[in-house]
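See structure below.
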């Protein structure tokens, strides 16, 4: 290969059908991994590809059918130029400004960390080559996708740039490669696009940590209360309960707390607005952040609730349960007792299950309407009806379910082993508080004040109001 | 603030970075709640915002960094003008026609009720200012979203208007605010967009009412038959059955009826086409409406089926069930009987469960393919294969499941307490009828006629056909 | 009707509001079923429709309000021409080239089979009428949708063509009919669009066949081992087990095998890359195809796992199970034995259930993130984290679940009835192999080599590397 080196242009392999004059030649500056993957894909889509390289003669293996030239010659050859170079090496592009003038410059670069540079790569590029139309694109796709085509999380090319025509040109190339294009606005949106590949569930971190913390706390709490205390006081080893019984206490507890934490910030925001008398002041930072992760809190709560349901449904096939039920029947016969049917007990447990199932059903409905495609299909009035009205109903049902579970146990001294309350009592506090506060907000007088504030009226500016009245 | 009033222009607060010459100034006519929210958001996105007000000097608190001018001056200052005024006050815009000529006029208004006015607000606006390019946009977003940015049901700005360029300009602003844009066509589509925020599940009303009615009817029917009759005839209080046993009879009954009502209109339409001999005549209004809510009928049926599944799965952990099973074992021992294993019974109940599970599995599949993103990914041939072929299979399995449940109970006189049939018998009628009619349609001769009609051929126009034959 | 025939133009019915000068007249060439459906819909959307027919006077019933002309006159009358003619009859359009020059020609045709013609219909049309702007569109919609409007799988018009303006014009019409438009690139994409309506789950075929084959094999295997062998050796008829017990063995077996087949190709590809020392060589055809149906394999595996869950949860309400449990209690009393509680057994079975539930929970999570709208909302790093990391965790949990199920049964001779291993042992082989291979890949030295290869470096080109080092 290196024998054929020519000063300005090198053609790799026979010019097969892919290399034949296609719809238009595209330039790829940079012969690294990304440049090669992208070029290969462009060639397969029928484009003519011209690589720009510092050393056209010795730039390593390039896809078959592509041409290699000097940077300047390659930039000259095409209307659309892909910059497949690390940001650190952008500086030399300043010298290519004459060749790049009026061209569409596609910035596909990413950074290794957030906030590494004061400005986005694409903005930096636009500053270096002000005469070109910089379009940020393709950077949110994986290298694998660039090579193999759209799949699952990689079906759309997000692009931004200041020139609508340039964006259209890039969108056309994206369409030919099989991708949809999503216009994300001006080049100032590039920072956001460059952060996308670096993020790993940023909005899920806080909720996940919270869930992990709550799970760990209640697991230890119940382990000490239910297993260790049993062992130390009665010498009985019930450690096998950890796998199902204990887990099935922790999951619903965490789920209910998370669900109430999902509805608490909204209630707090309402009280804050009532207190301030206006909706135009921003909420404190922490409340804003809390409100932004409500969806994640709710979905995690749903996950724990689902585990609770599955753990509950396998109860009757557990060895321990079957053993105990059989033992009860056996002892009843041996001691010649006849158990009496307790109608209250039947009512109570059946209600407990029924309310739980209905609550879980609504929970699922909330989860389904959180799916992007479903919430997109709803009007915001419909969405807020489901997430707010039905959401509070869900919280109410689940809280009621837990109260029914407790029933009158809170009266019995034996419930407070080691002077600690059982887990379900602890977990009832947050939802009860949220429901009580919500109830307050639903009082007609409070509700009216809040509605007025949310329609944009302000309270307690008597002087200005009087002035306005005079002027109007 | 009022001390600084100048006749034409008022600058609020220091001209910070947001107020600095941004990409372009935008005009917001109207300083009410909507205008303020929108302006605040535009400022944060980096735009320069100019408010137009009747009294620039005394229009109340505006977002920091915005300018206030008279209506005319503000309209003059920007290429894009947001009209944040109630439709009732549009009239004065007629006088601004010279300033608004050639400008993009964004109508964001909504109405309090449907059909309040003879023409859509945007059409009215276009009539008032014929020289401007009216674009209807942003009205489907909640005020909250306008202030805080895209979320869940508020990710897309739907827009319509007669000028493609004007729509592009508005789509650009939407993109900068973080929204996607959906082009909905000409300004004549405005009415549809203005109705969106007013609707609350319009297509779900009929199915929901039907489900509520059926549930109430069967609940009362079974309450009388199973609980009240037991009390009056035997004096036994089995009211605790209401919570689970009764509910678990009502839910599958309603589910099966709803599922068959989901497939009945399709079958009826086929027979109507066969009878008429053409597919070009419109169906009667009621049939059209019925066919349009089939999806909702099916999804509600799936919801009821899911509740039935959960209610069934908790049967073995119910107090009543455990009590009865134990009592049976105890009585067996005390009376020294040995129950014989009944293979038919084992076959029957296992088949009953297995068919039910398979039916529910298909049911779920139908539900999943109804998700907008999944059905969008299917070709219509694939979609109709699932919803039609697999749908009828689901109906068949669920009906069979119910027949297996009944088995030979219909032969026993004791089944007809108070001379009424049990609920499951009643609910078998609609699906059996639908399946029978569908079977008729699958007969080769009927199937062939129907296929011919659906390919567009018409029957029974002998005279015209003859004529055509002569002419061809 | 035929009395009013005029040589060039026929108006059908009174020119009602639909026939009044609308936004623009559209031409429909062809008066067959498709042409009539489309025309009817266009008329309802407010367009003026002009049909082009070979015999304007005798072309059968057309929608009310439409005009009929000769082909040439109709083509002349409109800027946008719908070609509703079978490809076989396109030839005559060549003669219309002068009238069609500069017009937008919408090709809505489909074929009866794939690869019937050497070029796509739209490409053929473009070749026949090079002066027109051919746009392929509407062909992926069902005729029913064309008549009644968008629904479910028919909300988007996919279009492709070489002229952006022509595509915009067609997208406008689509928007007026209520459809979204998806630009699929140049006219060369037409073949792909023409194949869409012909496909019926092409990517699901292989996985479905595999699932059917595995199900059939294991069903027969277990039928012989568990039911037939019992009958021949002990004369006991346990055939009732087929419906639930046997199915509940087959489903998890098939599910686990399918899940491991979903992760096997990825592991194989990694070893192939390690072996070759480069990522730039294409994988063998069969591996490529296998990798492309991983999602389908995984979703089918999830379906089987869900059935396994439901079949397991109904165990305690089965007649057979209740009978046996009662019989055990009865025999315990009659023989005056007292069963001892086995803590190991309790630990083992509870762990078995708990691990299974957690595995299924992750399984569900994988399924949910496979929904198009969810995976679109994820960055590829997030998507691959879930599908790869959590996917292998799922496989690990499910495999461990099965090992716990087996426990020490593999030591007992009675497990190998008829010298064959039980089904669950067979199904443990593929996942164990996949997990072992994956473990190998996670060894630091192997992991590092693979990472280097995937970053685009190549191994074993010592001469070139040295050369480059000199030049750089």
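In this document, chain identifiers A, B and C correspond to the written order of the chains, with residue numbering beginning at 1 in each.
Going forward, a residue touches a chain if its C-beta (ideal position, glycine included) is under 8 Å from a C-beta of that chain, and two chains touch if they have at least 3 such contacts.
Keep in mind that this is a model prediction, so the values were computed, not measured.
In the contact between chain A and chain C, the residue numbers used by both copies make up under half of all numbers at that interface.
With rounding to the nearest 5, the Cα superposition of chain A on chain B corresponds to a rotation angle of 120 degrees. In whole angstrom, the spacing between the mean C-alpha positions of chain A and chain C is 24. Shown for chain A are the residues in touch with two or more other chains, namely 313, 316, 329, 333, 371-374, 376.
Contacts from chain B toward chain C in the complex involve residues 164, 182-186, 188-189, 280, 295, 309, 312-313, 315-316, 325, 328-329, 332-333, 338-339, 341-343, 345-347, 349-351, 353-354, 357-358, 360-361, 364-365, 370-385, 387, 455-456, 458, 464, 467-468, 471-472. Only residues 2, 23, 32-34, 36-37, 46, 55, 57-58, 60-61, 140-142, 145, 152-156, 168, 171-172, 175-176, 180-181, 196-201, 237, 239-241, 243-244, 247, 303, 306-307, 310-311, 313-314, 316-320, 322-323, 326-327, 329-330, 333-334, 371-374, 376 of chain B touch chain A when the two sit together in their complex.
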